[in-house]
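Paired with subunit B in one complex and with subunit C in the other, subunit A is shared by the two complexes that follow.
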Partner chain A sequence: MSDQLIAQLVVSGLGMGFIFALIAIGLTLIYGVMEVVNFAHGEFLMIGMYASYLAYVTWGADPVVSLPFIALLMFVFGVAVYYLLIRRVLTGSMHAQIFATFGLMVFLQAAAQFFMGADYFAIQNSWLSGVITIGDVVLPMPQIAAVVGASLATLLLYALVFRTSLGRQLRAAAQDAQAASTLGINPSTMYALAWGFGSACVGVAASLLSNFYYVFPRVGAVFVLLAYVAVALGGFGSIHGALVAGLLIGLLQVAMGFFVSSELKFVPVYMLYLAVVLLRPRGLFGRM
Partner chain B sequence: MFRKRRIIPVVVAAALALAGGDVLAADPVKVGALYPLSGQVAKSGEDTLNGIRLAIEIINKDYPDLKMPFAAGEGLPGLNGALIELVAADHQGSPEIGMAEAERLIVQEKVAALIGAFHSSVAATSSQVAERMGTPYISGESEASTLTERGYRWFFRTTPSSRTQARDFFVFLRDLNKNRDAPIKTIAVVHENTLWGQEFAKSVAGYFKEFSEFQPSIVVGYQQGTSDVTSEVQRLIAAKPDVVFHASYDAEAILFARTYKQFNFNPQGVLAIGAAFGSNAFRDALGPDANYFLVREHWSRDLADRNPLVGQVAKMYRERFGKDMDGTPARAFTAMMVLADAINRAGSTEPEKIRAALAATRMPPEATIMPWEGVQFDETGQNTLTRGIFVQTLDGVPKMVWPAELAVAKLVWPRPVWR
Partner chain C sequence: MLEVERLSAGYGAHQVLWDVSIRVGDNEVVALLGPNGSGKSTLMNAISRLVERFDGEIRFNGIALHELPPYRLLRVGLSHVLERHRLFPYMTVLENLQLGAGPGASRALIQRGLERAYALFPRLKERAKQLAGSLSGGEQQMCAIARGLMSEPRLLLVDEPFIGLSPHMRAEVTEAIRRINAEGVAILLIEQNVPVALAMSHRAYILREGRVVLTGPSAELAAGDKVQKAFLGRLNPAEAPAGNAA
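Moving on, here comes the complex of A and B:
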């Protein structure tokens, strides 16, 4: 067991872990502010990846260049989904909310298949393809970019939520919407912003992913299931919980895949999840 | 006077034929086809059925320029020019529906034989019905090995089983080793973890005894829909196999190829079952990195170089259906031709006679559009003369490179290291 191999496994574990974390943070942000689970979250990722791919083939815009625009696009998309769909079912029963986002998932998947077909598309030769070699250690650029990009995005979001007035308003609306509205905070605007920021997170993840992963109508399912696990593991609504859980999942699956069997690589992830649900149902960092 | 005499035997013969009732000269022979025509794989089902439609068209109409059985002249000569009538049924990929449809085709439509069924699972259930009712059943593309291991009397299969396909990998490597100083030795298997991939891995493991010059290296199974294969590839790198056998679908084929390049994994060759490593999606996604992967194929348009029939049939298929022929319709086409040949030799639509004629099939290679040595069934109903070809993507185009006598391009082996 060489140091080189360990370094490689750790980097790819972290690379995937940060991607899971970023997707999970988007999910948990929306949940934390308004207690709605977005079942179409994976499809948001899919849209971001198609956008990144299309920007590349139509304008030759590398994912590095298009990343902020994709984040912005997804922000707008998230806000639009809130105003056009979510706001209308908020007053309804819990089921209405579930069916609304679930329906959105089915609709977006079918729309993607209708417009783009079921084929796999991948970006060739992006700036971040290739590897860096440090000594004997071969580190794939896209995964390093995923680590760097995702941690920067997480930091930014953190600063926004915990260090700005806007963030305070968001948290206020999350804690008690009525009390917040008596203080002049419009909860509906806050909810819309939560959808915007949550979707922007997924946009950044999509952009980073498109450097090395292909896009197809069901790509969301590949990542989002683990993101849900990360959310539950970290504690619903907890941003740093989602971050830690995402990284844990990334590292666990790579280690299991290498040392034991790749057929079993998600087993410890789900076992940990079950253990947490049984022993500490609020998750690692959950409040309640 | 003379005239009358000559007419009498004809009248008698006609009367006899009518009395026999079995075959009326121009009565069409009904063939039931079971395919998935709606649902997820409707497109593949339709393509496959088109292969059968084309075969029937060639039989029923006059194509004097086509040098294959039944092309010249209309209908089946053994049944006084009877035409073949296709009765297609949609099983939607469901074994239960396949069973019910098979029964309907036999009882209500009174088909002389069945052909199908794309999905091995549906072939398994629908052929059960055929076995019970004593109706000949031929399959041109259902590959599960177990289908011909059930001891059925009425089931025949022209396509090689998935197990036989695994054998082709070894035959290929043994052939390569003939003129090499440093022989290829160790073989790793990478497979997805549904029935298809598992069966392939098991079949490969079973052949190391017969091909004792090779040694098994690591076997890596993975879950379909995985997001990252770093750990899988690291295990391969640690095992250092000479050759990798791959059973993967499109998505993971792309992921594996990219990860091989990232970590500079350079086996002498990567040989794949199924089309994923040579598909359009694969080539589009990887560009020049798609080169040098080898795919075991059933059929290639490159076969036209040696057998003009292939080119003619592929062209007809394209003109008729607006799509390029590939291995599955080509095999369904061949199965239909084999069935027609048996019905023709049986000279009757009586099931027992067709079954006997199928069992006695001896079709020479030049009468088919396949790279096979012909068609001949063993006692289990499996065609024993099949042969696989290997296609390698070279400069972005898949080219047939093996067997040598059919090759249109020179095999690149070992594959160049990643750049």
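Moving on, here comes the complex of A and C:
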């Protein structure tokens, strides 16, 4: 087994891993701050991917260029979903919350099908397509971009959450909303921001993914199931956990797909998930 | 400074407070006494808008508090140290204190607040980088009081700061509350232990079943047996004239 092969496996494993991680971080951020599971999270990814594709075919905007705008678009979309939908069901029962985001999922899928059809679209010949050759090691460019872009986005989010005053307020609202409100923090604003930042994470993942993956109305399901696993593995509400678990899942499925069989590539992921759920139900890490 | 007029409040259909009127003057320490479940915390939480008001008014330096959302109170100069301290357990002592200054607080305000907090409770400085959840009960209570002071409030509401503290810690917290008051902060204090509360306060209100049943200067209340009677319910609420509350 050559160094070249190992390098390729690691890069594509990390590429997928960072994408899973970014999706999972968005999910866990929303859950961590307000204990609502966004069942439409995969559809947020789908919207981001369509946006990236449409920006490319309409204006010729390469995903590298449109990435920050898609992150911003998804931020606004997340905030809007909070104010128009989530805030209205917060005082209701747990079921109302589940059905609200589940209903949003069904609605967004149907809307995508209606406007874009069921066809698969892919961005051809983006700047980040092709391969890069370092010595005699040939690496896929989109995956490298995914590693670089997603790790930068993750770093930014970490800095925001753990190093700024706003991040402190977010964590305060997450840990004790009532106590936070006695300290001048409006929990509702923090919830809206959590939806905004969580959705922006998915937007970045969508943009990076659009370099090497096709988009269709149900594309969200392909990725978000593993993101849910990453969230549960890492511990609901834990950003560190989502990051570590996302990377682990990415590497594990690529290794399994290569060494055993690509049909079985998710088997060890779900086995690991079952083991953690059985042995350590709160996940590898605690809360944020 | 703080005037609560004929306040009725509670939780949904469950009314807890009935026609409660209390006031806290500038520079005063006022104690809120009463048996368990008599509505002391509910009253304090209604003042800071965490509990739904059914009727009545709450005014603070002329501002109608009952029209504000809870997160606006810090800016008008009122700070509330909630029952059981309610620190953010997964944040450091320093982060908890920084949050106490409120969103958008200036560096200067935070710096001033930290100096004051560390002067009041030197051990918080040693613990600054530790998670708040890892402190002892007494240290957590100190941190909560220090956090409540970070915004430089004019009135501090403190709900049972002595619960579960060792005698040594009690003395330290008592002394801190005295010093805070000496610096010009008015204090509304809930404390179960009647002699302790009366010794620390200028005036006191005794609540029973959600009504004010007795009020007066703490020194007078400490002398007689009225407080005991009020606790045991032998003092009819009707005997405590509403005028006493003002």
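Just so it is clear, the second predicted complex is superposed on the first by the 286 of 288 C-alpha atoms of A that agree within 3 Å, B and C clash if a C-alpha of one lies under 4 Å from a C-alpha of the other, contacts with A are read in each partner's own complex, and residues count from 1 in each chain.
What we mean here is this: a contact is a pair of C-beta atoms (placed from the backbone, for glycine too) under 8 Å apart; a residue touches a chain by one contact, two chains touch by 3 or more.
No experiment lies behind these values; they were computed from the predicted model shown.
*Asks:* Tell me which of subunit B and subunit C touches more residues of subunit A.
*Replies:* The larger set of subunit A residues in touch belongs to B.
*Asks:* Does the superposition put A:F266 against subunit B (first), subunit C (second), both, or neither?
*Replies:* So A:F266 only meets subunit B here.
*Asks:* For A:V222, is the partner it touches subunit B (first), subunit C (second), both, or none of the two (neither)?
*Replies:* A:V222 contacts subunit B only, not subunit C.
*Asks:* Looking at A:S165, would you say it contacts subunit B, subunit C, both, or neither? Reply first, second, both or neither.
*Replies:* second
*Asks:* For A:F236 in the superposed arrangement: first (subunit B), second (subunit C), both or neither?
*Replies:* Neither partner.
*Asks:* Answer with first, second, both or neither: which of subunit B and subunit C does A:Y191 touch in the superposed model?
*Replies:* neither
*Asks:* Thinking of the overlay built on chain A, is A:T182 touched by subunit B (first), by subunit C (second), by both, or by neither?
*Replies:* So A:T182 only meets subunit C here.
*Asks:* Would you sort A:G257 into first (subunit B), second (subunit C), both or neither based on which partner it touches?
*Replies:* Once the two structures are laid over each other on A, A:G257 reaches subunit B alone.
*Asks:* Hey, what residues of subunit A end up touching subunit B and subunit C alike?
*Replies:* Shared contact residues on subunit A (touching subunit B in one complex, subunit C in the other): none at all.
*Asks:* Give the list of subunit C residues in touch with subunit A in this complex.
*Replies:* For this pair, the touching residues of subunit C are 48, 50, 69-75, 79-80, 82, 86-91, 95, 98-100, 102-104, 147, 151.
*Asks:* Spell out the part of subunit A that touches subunit C in their complex, as residue ranges.
*Replies:* These residues of subunit A touch subunit C: 165, 168-169, 171-172, 175-176, 178-187, 286-288.
*Asks:* For subunit A, which residues are in contact with subunit B within the complex?
*Replies:* 5, 8-9, 12-13, 15-16, 119-122, 124-125, 131, 138, 140, 212-214, 216, 221-223, 226, 253-258, 261-263, 265-266
*Asks:* Taking the touch rule as given, give the residues of subunit B at its contact with subunit A in the complex, in rising order.
*Replies:* 193, 220-223, 225-232, 234-235, 238, 250-251, 254-255, 258, 262-264, 280-281, 284-287
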